[in-house]
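Listed below are the structures to be examined.
In the two complexes that follow, subunit A is the common piece, with subunit B as its partner first and subunit C second.
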Partner chain A sequence: MAKEEKRRPFGMAQIIYTLLVISIVIPLLNPVGLPIGISSTTRDVYNYIENTLPAGKPVLIDLYYEMAARAELEPQVAAVIKHLFEKNCKLVFVSTITYGPIVFELLKSTAADLFADKTYGVDYVFLGYIAGNEPAVRSLATSIRGTVAVDNYGTAISALQMMANIDKAEDFALVFIASSGTDTFGWYVRQWYTPYDIPLLFGALSVIGPSIKPYVDAGQAIGMLTGQRSAAEYETLVGRKGLGLASMDAQSFAHALILIFIIIGNIILFATRSKPKPEGGRRK
Partner chain B sequence: MSVVVRRNIPQIIVALIIVLMVIFYFFYIEKPVSDAFGTADKALSDWAIVITAIAAIVGGIDILRYHANQIRKRERRQIIFSSIVIVLEIIMVSLACYALSSGIAITTQPNFQWLYTYLYAPADAAMYSILVFYIASASYRTFRARNPPAILLLIVAIIVMLGNTSLGAMIWEGFLPLRDWIYNVPNTAAFRPITMGIGFGLIILGLRLIIGKETTWMGRRE
Partner chain C sequence: MIELIGGWLAAVMIVWIYSFVYKDNVLYRLAEHLFVGTAAGYSIALSLDSLNRTAFGQMVKGVEYWHLIIPILLGLTFFFKYSKKYYWVARYGVGVNVAVGAALALRAAPMANIIKQINAAVLPLWVAGDPLKTFNNWLMILITLGGLTYFIFTFFPKTEGKAGPVRIAYKALVTIGIYGMMVGFGYLFANTIMTRVGFLIGIILQYLQPRFDATLVAMILAIIAIAFAVLKKK
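After this line comes the complex of A and B, so read on.
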């Protein structure tokens, strides 16, 4: 009886898991530096910020992701911030998820080079976590000062030099939503794009990408970045080697290994198919 | 309480607000009227923000209560995990209160930040990372060329995976443009009706709320 058999301490699954760990860890420790092509979606985003976005204009960045999604989204955010700072854009960070404040602190520590020559309150501000989901997004579009009285550090919004002329949706030239959820993108489409025609840029996880692509194709967002691949591409375009590029080798080798598993799985399928069926019984 | 107070009045208020919001969102209204409604609309949004913030406190208390009950039931397996949750929640809330009383942002409080960065963050990231093992073992079981649709799925999966990696470009440069095409055309064609379906669903939900057919939000079935 199968149930009575002793479980093997190191079966096929364990072999696969071990190989997978090796294929991820070794490239992370010893990067090979495989070349990366630039996809059309990432190039479109880069071209928009480079050529269409007016220099020096305010940009709202919603950091809506938790620790689990940080590996995929933080490299994207850092690369885009570098590009926006190069265009002297004024960045207003906000978070509509509770993890936001700590995520922002981690971003500042891991991408310290980006903020090194920038002054808080002059070049960027962080409004902190704002509860309320879509109503909060709507409220921010109507009036930031009417929504939050102080920033994340307790400074009055009116005391921040940069915020003197920034209060409502029309004051922004772009909104960048870096989100691990799907709903967040819809909030901004409904509350910022439709009523105020503010351009949106999506930064999403790879698995979320396909579900938000219709917004981009409908022109409701100027473009989207998805997963580490887009992050690595954007880092290449802006010339900042970060976590996106560093993890691409590991991702490449892991994908290659999974492809090998798929091929082996199919070989086994065909091999068992070609065997004659045992009489009077069904084969799985 | 009578049915009118318990049921009909809340339904009328909700229906009225939905109708007003639809009118002011989709139709052009004279500016003075629109501005006047805008103030009321802003107040509604602010209420939602306040309610959500209070809900977070309620959630925290509920977690505490749930795990306290688990300990009280003396379930041997659960008791250790529930104790850890309670202890950590108390520590985090205490540190946050201490930060607030010191006049600094919670997230910049060193002990809070340390616990979050070196305890919570790795644990959360590890939970998500474990998925890779399931995906790896599931992939070689799922992507089997059993029949024509499965063969199609297998081909698409191989193209997307190779297009996503640098190795794919080394094998054939066409993988990336092909992945982009799959992403932009068939994928969007598949997801657009889903998005539209959700939209229609929301419209129907709104209509049901207006005519008073939807009562689940009041905590009861029809």
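After this line comes the complex of A and C, so read on.
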């Protein structure tokens, strides 16, 4: 049996992978347009930015994700940036991961419409990658100018018009952390929320959602967006069609397929369990 | 032109990396090694740039920043790890690094990670006019207590003889804790699938270009990768 399987050019795993790819490609090519409801979690975030966040105030955005996570996090970031720019907020981008400068440039090129009428140094700045993890986050809370001398492009922080009155945690109205890691959220809860009471907004991968939800439930963050699903909901709310909405049909089909596999797997398991074991041997 | 070459290079690497789904092959390993090497080189370059902007760039601003020489020197002690004779010097850098990290985290951790979380678990057991909220609060409290009880490894009620109220309560809480955790794991698993499928969608969307030649080249690359694996198998 094992030898027969070895000779097969295409095994069960490859069949499952192929079906999965088909279930994603077909809805991407021919969108069905399945309805998308807005969850209370996403609506809470939208309502906070719309109604509670003071207009024109500075917002810190930490881009802590690598290229692989772009598909899940970039649509969220783009939708939130659109909303923040609509409220004339001043955006200070920073990254505590080395991939930050790349993902920031990719964000600017894929969401060029958001930055088209905005001026660097007046409406937004990018401080670049800052090494040091949690101590670096703490240092930024104490003083940006004391932490980093120049922005990502070598311009002195003091020469950036927007940064004239922005230096420490108290100067910010909100921190948006878009992270593919779990620890990043804890750094900001400990170094920005707990000592300074600065509101935090989490943008996370779906898989990280359950780990950071306790922070949101405890009121340590104003809300969280998780994965493409939240991105699609936020894109609907701010009226900007992006990757989040584009991928929802594919997500639904892929999940349905995996659900079918789980049901079939369980049926096979129960069917083989009910068979009596052969004497002195293992069940086949 | 450089962007075009970069785009095609990325496309080639993605196809070769995904060829692992069929089977391990030489093109997959080539792409993997190229990625690891490039990522390591990029991280070193970015780290040096960060050092320049956060330390040297500050020091030239004035004498009030000269104290930054201390962390720079402590950081340099890390390289003594490569010396058999003076490897112990590296311990000073590591020691300070660990101490600073721990001190900063511990300063706010009791409030952020313990007290606030306990506060959040203190919920009203009766919410007038909202039975769903009441049910949710009961569920939350019972599962929290059940989960905590499951991880108590130093106390077990006696198992012999007639079951007393302590043993019954203990068993009930542990059972609730187990079921609560199972639901949690299910939630986590579903989210894991969503993330992985999301990554795949992101990659596939890069290939669903309106240009036919791009898709054709991608398919040829995939066939080459699979052919390598099949030939090697034979």
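As a working rule, the second predicted complex is superposed on the first by the 267 of 284 C-alpha atoms of A that agree within 3 Å, B and C clash if a C-alpha of one lies under 4 Å from a C-alpha of the other, contacts with A are read in each partner's own complex, and residues count from 1 in each chain.
FYI, a residue touches a chain if its C-beta (ideal position, glycine included) is under 8 Å from a C-beta of that chain, and two chains touch if they have at least 3 such contacts.
What you see is a predicted model, and the numbers here were worked out from it, not measured in a lab.
Student: First (subunit B), second (subunit C), both or neither: which does A:138 touch?
Tutor: both
Student: Output check: A:266 vs subunit B and subunit C. Expected answer is one of first, second, both, neither. What do you get?
Tutor: first
Student: Pick one for A:189: touches subunit B only (first), subunit C only (second), both, or neither.
Tutor: Only subunit C; A:189 stays clear of subunit B.
Student: For A:54, decide between first (touching subunit B), second (touching subunit C), both and neither.
Tutor: Neither partner.
Student: State whether A:71 touches subunit B only (first), subunit C only (second), both chains, or neither.
Tutor: Touch partners of A:71: subunit B and subunit C.
Student: Answer with first, second, both or neither: which of subunit B and subunit C does A:256 touch in the superposed model?
Tutor: After superposing on A, A:256 lies in contact with subunit B but is clear of subunit C.
Student: Across the two complexes, what residues of subunit A are contacted by subunit B and by subunit C?
Tutor: 13, 17, 20, 24, 68-71, 98, 101, 128, 130-133, 135, 138, 146-147, 195, 206, 209-210, 214, 217, 229, 251, 254-255, 258
Student: Mind pulling up the subunit A residues that touch subunit B in the complex?
Tutor: Checking each residue of subunit A against subunit B gives 13, 16-17, 20, 24, 34-37, 39-41, 66-71, 98, 101-102, 104-106, 128, 130-133, 135-136, 138-139, 142-143, 146-147, 152-154, 195, 206, 209-211, 213-215, 217, 229, 248-249, 251-259, 261-262, 264-266, 269-270.
Student: Which subunit A residues qualify as touching subunit C in the complex?
Tutor: So the residues of subunit A touching subunit C come out as 9, 13-14, 17, 20-21, 24-25, 28-29, 68-72, 98, 101, 128-135, 138, 146-150, 186, 189-191, 193-195, 205-210, 214, 217-220, 226-229, 243, 246-247, 250-251, 254-255, 258.
Student: In their shared complex, at which residues does subunit B touch subunit A?
Tutor: Listed in rising order, the residues of subunit B that touch subunit A are 25, 38, 41-42, 44-46, 48-53, 55-56, 103-108, 113, 116-117, 120-122, 124-125, 127-128, 132-133, 135-137, 139-141, 143-146, 154, 157-158, 161-162, 164-167, 169-170, 173, 176-177, 179-180, 183-184, 187-188, 190-192, 194-195.
Student: Using the touch rule from the top, collect the residues of subunit C that touch subunit A in their complex.
Tutor: Touching subunit A: residues 21-22, 42-43, 46-47, 49-51, 53-54, 57-58, 60-61, 100-101, 104-105, 107-109, 111-113, 116-117, 119-120, 184, 187-188, 190-195, 197-205, 208, 230 of subunit C.
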